[in-house]
Amino acid sequence: MQDVLSVVTSLVAGSIRVSIPIAFAALGGTLSERSGIINMGLEGTMLIGAFFGAVGAYYTGSAWLGLLTAMFAGALCGLLHGILTIRFKCEHVLAGVGINVLASGLTVVLLQMIWQTKGKSAEVASFSNITVPGINQVPFLKDILGQVSPLLILLALSVLGVWFLLYRTVFGLRARVIGENPEAAGSMGINVYRTQYICVILCGVLAAIGGAYMSIGDIHMFSRDMVSGRGFIALAVVIFGGWHPVGAWLGSLLFGLAQSLQYRLQTGSIPPQLIQMLPYVATLIVLVFARGGKRRAPAAEGRHYYAKGEQ
Amino acid sequence: MAKSGNSKQGGFAERLSKNNVFLSVVALVLSLIVAGLVMLIAGYSPLEGYSAMFKGAFGSVDNLAQTLGTATPLIFAGLAMAFAARGGMFNIGIEGQIIAGAFPAALVGAYAQGLPWFVHIPLCFLAGMVGGGLWAALAGFLKNKLRVSEVILTIMLNYVAIYLAEYLANYQFKAEGMLVRTENVLPSAVLTPLIPYSRLTGGIFVALFFAVLMWWFLSRTTAGYQIRAIEANPYAAQAGGINIQRMNLVTMFLSGALAGMGGAVEVMGVHGYFITNMTSGYGFDGVAIAVMGRYSPLGTVVSAFIFGALRAGSTSMNRMTNIPGEFIQVLQALVILFVSTPGIVRMFLKKRRQKKEAQN
Amino acid sequence: MYAVEMHGITKQFKNVLANSNVDLMVRQGEIHSLLGENGAGKSTLMNILYGMYAPTDGSIQVFGKPVEIENPLKAIGLGIAMVHQHFMLIEPLTVAENVVLGYEPKKKGCFDFKKAVAQVEALSKQYGLAVDPRERVENLSVGTKQRVEILKALYRQAEILILDEPTAVLTPQEVTDLFRVLRGLKESGKTIIIITHKLKETLELADTVTILRKGEVVTSLPTASVDEAKLAELMVGRIVAFETEKKEVAGEHKVVMALRGATVVKDRRNVLDNVSLEIRSGEILGIAGVEGNGQTELIDVLCGLEKLHGGAILLDGEQLRSKSVTPRAMLEAGVGHIPEDRGKRGYVGSFTIAENIVLGYHRNKAFSKAGLINLKARDEFANKVSQQYDVRMDSIRDTVGSLSGGNQQKVIIGRVFAQDPKVIIAAQPTRGVDIGAIEYIHAELIKMRDAGKAILLISADLEELTKLSDNIAVLYAGRIVDKRKANEYDERTLGALMTGHAAGGEEASKEREAQ
């Protein structure tokens, strides 16, 4: 009994931990898609976040400053995506693919430049877990949430923040309107572009935090292409989270579960390649069940809005 | 004004194909310039880099053969992306389909004994087509069922294909030795190099033939007409009795089949067996190539040669100047971004014109 | 005092001169009709006034002051509001949220929904525009949605209200209501401009009319000084024949296509509810109804684009198996389809005329052999049909997207009629086409009827419906609520039936009194 319980608690704790990067990215994706912009570049933005998190932490010796560096780099990715899709009407998917390939190449080139290697960075400063007072006294719960990464707390705040932004502020109302019908918003004198830019930039920041968690939250180094599809999984999470911030978090937890199962299974006799396949197969399976959900995508998602005078 | 404006009609492939060739060329030049700047910032000399790259790509007959040989699977990858785009689908999962084609091709090549080459080689290609085609059709099937964008589905299937092939090559079909690879294909399934020790094989003619075939199929057959109609206006296509879901499957199958042939040609012409990572990066190369070729077969072939040169050149650039070969990825990303945002290119051209006028 | 003065407005689009040296003078407190055919430049002119387009040339004064209107925000600031033909409403949001959008009441930096509701309630009381501010827009009828649009304008304290084709989708009763509201607004001092191509409504509602033709002003005059015929002549530039010759087709009219108890369920609602109807040879069966009462589903069912959840389709007296009812099967069985929204279902804009003219029939032996397109046969056919149906073009290589609305429609009609269909489902066949093309299309439809085709006509234009149909069935909330000979209806009874009231309109008038 004790054994089963400890397995369960460590599984849950593990799920929560590994869901963090996907949750941040999915949260960003939700915000961006609600304003009508599909950010296929989440994958690349996470990679950039992971890399610059490590770079920042390496040069300053502080994980927090590393995080800040990552956020800034992520904001730039978001801005780039915004300029491409909003200003220049690039196909959203192609803008995303471009950013992903760019991130993948650029990080290796810079890795070589800074650390003279194409594989892994040096060890850098990373976040250490903090003890949550109160919870660390409660039996069982203390094994799950007694000691947490500060980024988990940041995640909880971000979920709350994005929810508040979307559903309680004027800005959020306008963003949702733009995601449904940008022409209507424009005709009401709302600055469609500015709202969308803010959303994609915030999306970039959030995705980059997710990436940074991988390099300086979970471990303490950057390694080449370490995001390995989590950004794409986050895109799927946006869908079955119903384009809702809380849904995005819950969806990510499901993935966390699949992945932490994967870590457990790795000790068994199942071939590692099949285990590594698990998160991606799980995404496909979950998408099967997400079908029939009541929520639908923002109506104007992926569409270009032409303001007055534009061709 | 009129209720039925056609402004909202037209798919993404059509919008891009309206740009003229000139914009693609300028976009390529811009990408080379910006990538050069990145090189400069990273502390390398772009002049040295590019000249090493140029020499590596065109410097000798051997180099040229290397370029053309490298371009061969890229033509297939580009055609795969372009074909799907012509049918209104973003097939971002070409990498997985290349693998799904390469693996069965390698098995047929290794285990189908006693066949003359003129049967064995086509059979391997066929195995590649079927493998890649079915893998892509799986994405098409899931899209029809789930109504989820094919983009996410094909990407997820990429990862599944990578690990599945790695698993099979590591267990059931593992060849003797340290490497995770399949048995050598039989001599009757080897595409011999046209120029000794190069990657250039007769496969390139197969690739060119399929480019022509794709053009012919899209413009001359009823099925091609239907596929194009779906991209340009799915609602009208549906009202015209075209079964969109079925044609989506056909589109994806044929697109994947093209990708799968790219895998087969690599197995038979370059490696002689299936090995993990043998095709890494070909998928997104395919995206860049098709975009630069504006989804037309001819444009795709031309840009596949350019990318073949860049890839072949980047290997020798890495060797000669220590500039990491990953620069090619940066360049590739820039090409995708510049070609798909003609606005940036136009703005650049306008600025230059204004500058010239100011000078005069 | 003029509320709006536009002088010498010219607007050049890429290839089109939409407005050429247009002057428009609108007095304060009047209802001004901007009359013209489709493509005459009315909407462009008003979009310029509303700041959506920048004019190529010309100047604007609002309440006597010269102004530059760079964007809608500026227009709103000047007291100008526009109610677009396609409502600019966000369906999943509430009425209150829609109304306050852009000028949201705030409390401590957050959106104050309660205050928004209160404000909208007050406003709707003040101007007699009954709506529930908490209702989601997606649940509202078209007429009510329009009220929300007007509320939006009033919330922004608009003094000048522009309405683009406001009656296009309304029932006669809703039109009466709208006119009452507009007159009320006029009395409270607002200036109203309506964009329209309808002569009757110009005469009934407006004080002054400005007529546009091909981007230029023909004249501007008080409505009291003209009649319908004169207006039509000014608008079209020639004398218009209003009547279409129509005699009953002799002989037996057998049922070619029929629905028995057809039911379609969407979102757990019966959008088509136990519909039975018969389409007979040599007859035009008209379907009257407010948009969104099941017309689209009816068309889609008959063309195989939508599956039935109950009931049956019969063709030549034989019941079709529900699995075999696909768009392709229906086309091959001889059911021709003129779609209600031609830009959506009718043509492929980037395809050539030749490619479009075989769409749906591209598999026919004449055009396709062993899966290959027979280019020569197709092009010959395209040339023949586009000549026969008077498609104005340079060549059959032109893309259909580059043609005018009327010519696009002729391509579609040619495509369908040239295949000698048994049944023709003609939905909104003259929507958005110019008067010349309307006359032509009407005549062609009558010709097909006289040739013994069975025709179903769905139209929002009651005049067209009563003029062309032999019988009319009224569709309301997915049901056929009434069916008679066309000449037994007048517009009032039709209107009452279309809004769910018994024939005679008694209940309808009672309800209005109660309001």
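In order of appearance the chains are A, B and C, and numbering begins at 1 in each one.
Here, a contact is a pair of C-beta atoms (placed from the backbone, for glycine too) under 8 Å apart; a residue touches a chain by one contact, two chains touch by 3 or more.
Fair warning: this is a prediction, and the values are worked out from it, not measured in the lab.
Visitor: Relative to chain A, which chain's C-alpha centre is the most remote?
Guide: Result for max centroid distance from chain A is chain C.
Visitor: Check B-C against A-C and say which one is joined by more contacting C-beta pairs.
Guide: B-C
Visitor: As a quick test, compute the distance in whole Å between the mean CA positions of chain A and chain B.
Guide: The mean C-alpha positions of chain A and chain B differ by 28 Å.
Visitor: Between chain A and chain C, what's the gap in Å when you average each chain's C-alpha atoms?
Guide: 45
Visitor: Quick check: in the complex, which residue numbers of chain A touch chain B?
Guide: On the chain A side, the touching residues are 40, 84, 87-91, 93-95, 97-102, 104-106, 108-110, 112-113, 118, 228-229, 232-233, 235-236, 239, 271, 273-274, 276-277, 280-281, 283-284, 287-288, 290-291.
Visitor: For the complex, give me every residue of chain B touching chain C.
Guide: Within the complex, chain B touches chain C at residues 1-6, 8-10, 14, 220-223, 225-226, 228-229, 232-233, 235-243.
Visitor: Residue numbers of chain A touching chain C in their complex, please.
Guide: For chain A paired with chain C, touching residues are 168-170, 172-174, 176-177, 180-181, 183-190, 299, 308-309, 311.
Visitor: Per the contact definition, I'd like the list of chain C residues that touch chain B in the complex.
Guide: Going by the criterion above, the answer is residues 38-39, 41-44, 85, 303-305, 326-332, 337, 339, 341-351, 355, 359-360, 362-363, 368, 371-373, 375, 400-401, 404-405, 408, 431-433.
Visitor: Which residues of chain C touch chain A once you look at their complex with the stated criterion?
Guide: 14, 50-54, 70-73, 76, 82, 84, 88-93, 97, 101-102, 104, 106, 109-111, 152
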